[in-house]
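Each chain carries a letter (A, B, C, D, E and F) given by its place in the written order, and its residues are counted from 1.
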Amino acid sequence: MKFGILVNEGPFTHQASDSAYQFAKAAVEKGHEVMRVFFYHDGVNNANKLSEPQSDDRNLIKLWSDLAQEHNIDLVVCVAAALRRGIKDDVLAPGFRISGLGQLIEAGIVGDRLIVFGD
Amino acid sequence: MKFGILVNEGPFTHQASDSAYQFAKAAVEKGHEVMRVFFYHDGVNNANKLSEPQSDDRNLIKLWSDLAQEHNIDLVVCVAAALRRGIKDDVLAPGFRISGLGQLIEAGIVGDRLIVFGD
Amino acid sequence: MLHTVNKSPSERNVLESCLRLAAKGSAILLIEDGVYGALAGSQAAKKIAGRMGDLKFYALGPDLAARGLSEAPLVDGIEVVADYGGFVDLAAEHEAFQAWL
Amino acid sequence: MLHTVNKSPSERNVLESCLRLAAKGSAILLIEDGVYGALAGSQAAKKIAGRMGDLKFYALGPDLAARGLSEAPLVDGIEVVADYGGFVDLAAEHEAFQAWL
Amino acid sequence: MMEEDDFDPEQIKRFMFVNRKAPYGTVYALESLETVLISAAFDQDVSVVFIDDGVFQLKKGQDTKGINMKNFSPTFRALEGYDVEKLYVEKESLEARGLSENDLVVDVEILSTEELSKIMAAQDVVISN
Amino acid sequence: MMEEDDFDPEQIKRFMFVNRKAPYGTVYALESLETVLISAAFDQDVSVVFIDDGVFQLKKGQDTKGINMKNFSPTFRALEGYDVEKLYVEKESLEARGLSENDLVVDVEILSTEELSKIMAAQDVVISN
């Protein structure tokens, strides 16, 4: 099955990004395809490569980058939401790309399910 | 009167930063002193100089920088919260500085009032 | 003590907690989405009316206006604060501040 | 339809809205702070029990464990989903998905 | 409802945008509206629902000068020009907030909880915020 | 309560940290605890209050391996070592959640709503999140 995922919140402050990551990881482990993760609202902050959590804490940005690389997942950051919040190519972590909201709608059309995580 | 202000949320997503800014501006216009604005939790995102809102929208980062410069307000971003969220010197807007949580407690001790805005 | 409440009472339990714990003689200023709590006729309105005798209630004008509530009937006794300067005055008049978030 | 609810029912109205609008035959998975809604004996428990006949209820195990609720008594009929793989299975089994946020 | 096995890329899906939050206190209402506008370009079956505090987004008379934000409520009137014509409001949510159809900036279809529940159950993609 | 006019920088202020939110669903509980720990170094009169869903922060038996977060509940037991000894829990909040003193990771003072209300009213600085 082909999953699309929408993440509405940034890392750490809300559990949304953690839950979405655990869902995506479990989905690919079960042989499903995660075709795209779309980051909207504060979710764009998940792409900030400057993030440096304490050493005994999870690093969500790196977790997303690694998962995407390993399983060829398309990580898309909404350009409009990202501009407002100062997420630009300068700070974009590996595996993320910046694009338009159309990528979210497309994930809804092409995917079998769109799974949403937020506040 | 000497006001300290605590901002718990980032720009745009919650009204907290807007309300805090309007409060700070009104306070200095009335002749009060705003000795410090402390940015905690997602509030650290208010210091991200890469933020580029649409041209007909307010630019909260610039508003804070300008207000601080004009009225000599100390804008302090919590170092622990900022590291987690990827706010570092590289992206720090003018007028903000990164320091420890002790600066919040100090604002509570030295100021006459600590006014808190959040989600 | 000046308390602020910034959440809609139909979405969250913030106003309710504030009304339960705010001590007699303190003031409550409704700001941001908290101004929906000022509307007459709701469940929240009854709770506010129940403490009108020992608390003073305010609602922030700019937040009411933004939400299209400038002309809306408010709970009797709630005073509208015209601008952020009025908010500053309230914060200065009361000896301490507590935000209910 | 698989619905998720991720908020505590004592803090927000999310579970209540989901229970009001979820159509007969759909499933509700409590995740994150939503798992507090699974606790037996609360106000929310009564509302869940009231729809136990026409909705299927689940709670996510890792979220229960994180909050110290692995041993806590849950509303009768709520099934604990052991891990995120179980969440994925539920999402795959139901024809569509709705998050109540 | 579409079946997994006969997915046809040409087939139109039912997209529903669910608004449960008040405007201005958070940005979700505004950014959700931006998504609705973009979705219009994809020729899908789009509906927008307002329940709970989401109905406040449609309240007439919004004047945001005092909080220095953009009043986006007029944009709801522009949705028709984008062929987004299914705007649903839950009657119970509206009445619980002391509002009626006349208080809203745009023509909407006011539905009972049961009617709305049926429509929600028939969606392929639900985007909430 | 301190008066404006005779402010003495040597004077000790009453700081109260108010916790109303559950742990893990959001980071506020953890980051608030970090502030409490820092405040201990300033020799002020510090108290920490748990009301509403904040009481869930103190629940025994938290096991966060499955959500890949750090279990910070043991840190509440370390507060005493920092001379932060005033931990207040509202009885009504605890009981409404089916919890009792035995369910909590740390010794606290359980107060009625009226008792807590009086203590809150006597604070100089209230930090909420």
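Here is the rule we go by: contacts are C-beta pairs under 8 Å (C-beta built on N, C-alpha and C of every residue); 3 or more make two chains touch, one makes a residue touch a chain.
From a predicted model like this one, the values you see are computed outputs, not experimental measurements.
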Mutual neighbours - chains that touch chain D and chain F alike: A, C
Third chains touching both chain F and chain A: B, D
Chain-contact steps, minimal, separating chain F from chain C: 1
Chain separated most widely from chain D, comparing mean CA positions: B
Identity of the chain that, by mean CA position, is farthest from chain F: E
Rounded Å distance between chain C and chain E, as computed from the means of their C-alpha atoms: 29
For chain A paired with chain C, centre-to-centre distance based on mean C-alpha positions, whole Å: 38
Averaged-CA centre spacing for the pair chain E and chain D, given as whole angstrom: 25
Gap in Å, rounded to a whole number, between the CA centres of chain D and chain C: 33
Where chain F touches two or more other chains, by residue: 24-27, 52, 67, 69, 124-126, 128-129
Shared interface positions of chain A, touching two or more other chains: 1, 8, 12-13, 15, 19, 22, 41, 57, 80, 114, 116, 118-119
Residues of chain D touching at least two other chains: 6, 10-11, 13, 32-33, 62, 83, 96-99, 101
Interchain contacts, given as pairs of chains that touch: A-B, A-D, A-E, A-F, B-C, B-E, B-F, C-D, C-E, C-F, D-E, D-F
Of chain E, residues touching chain D in the complex: 1-2, 18, 20, 51-52, 90, 92, 113, 116-118, 120-121, 123-126, 128-129
Chain E contact footprint on chain B (complex, rising order): 12-15, 18-19, 22, 56-58, 119
Of chain C, residues touching chain F in the complex: 1, 13-14, 17, 20-23, 26, 95-101
Partner chain A, residues of chain F touching it in the complex: 24-27, 67-70
Interface residues, chain A side, partner chain B - complex: 10-13, 41-42, 45, 48-54, 57, 61, 80, 83-88, 90-91
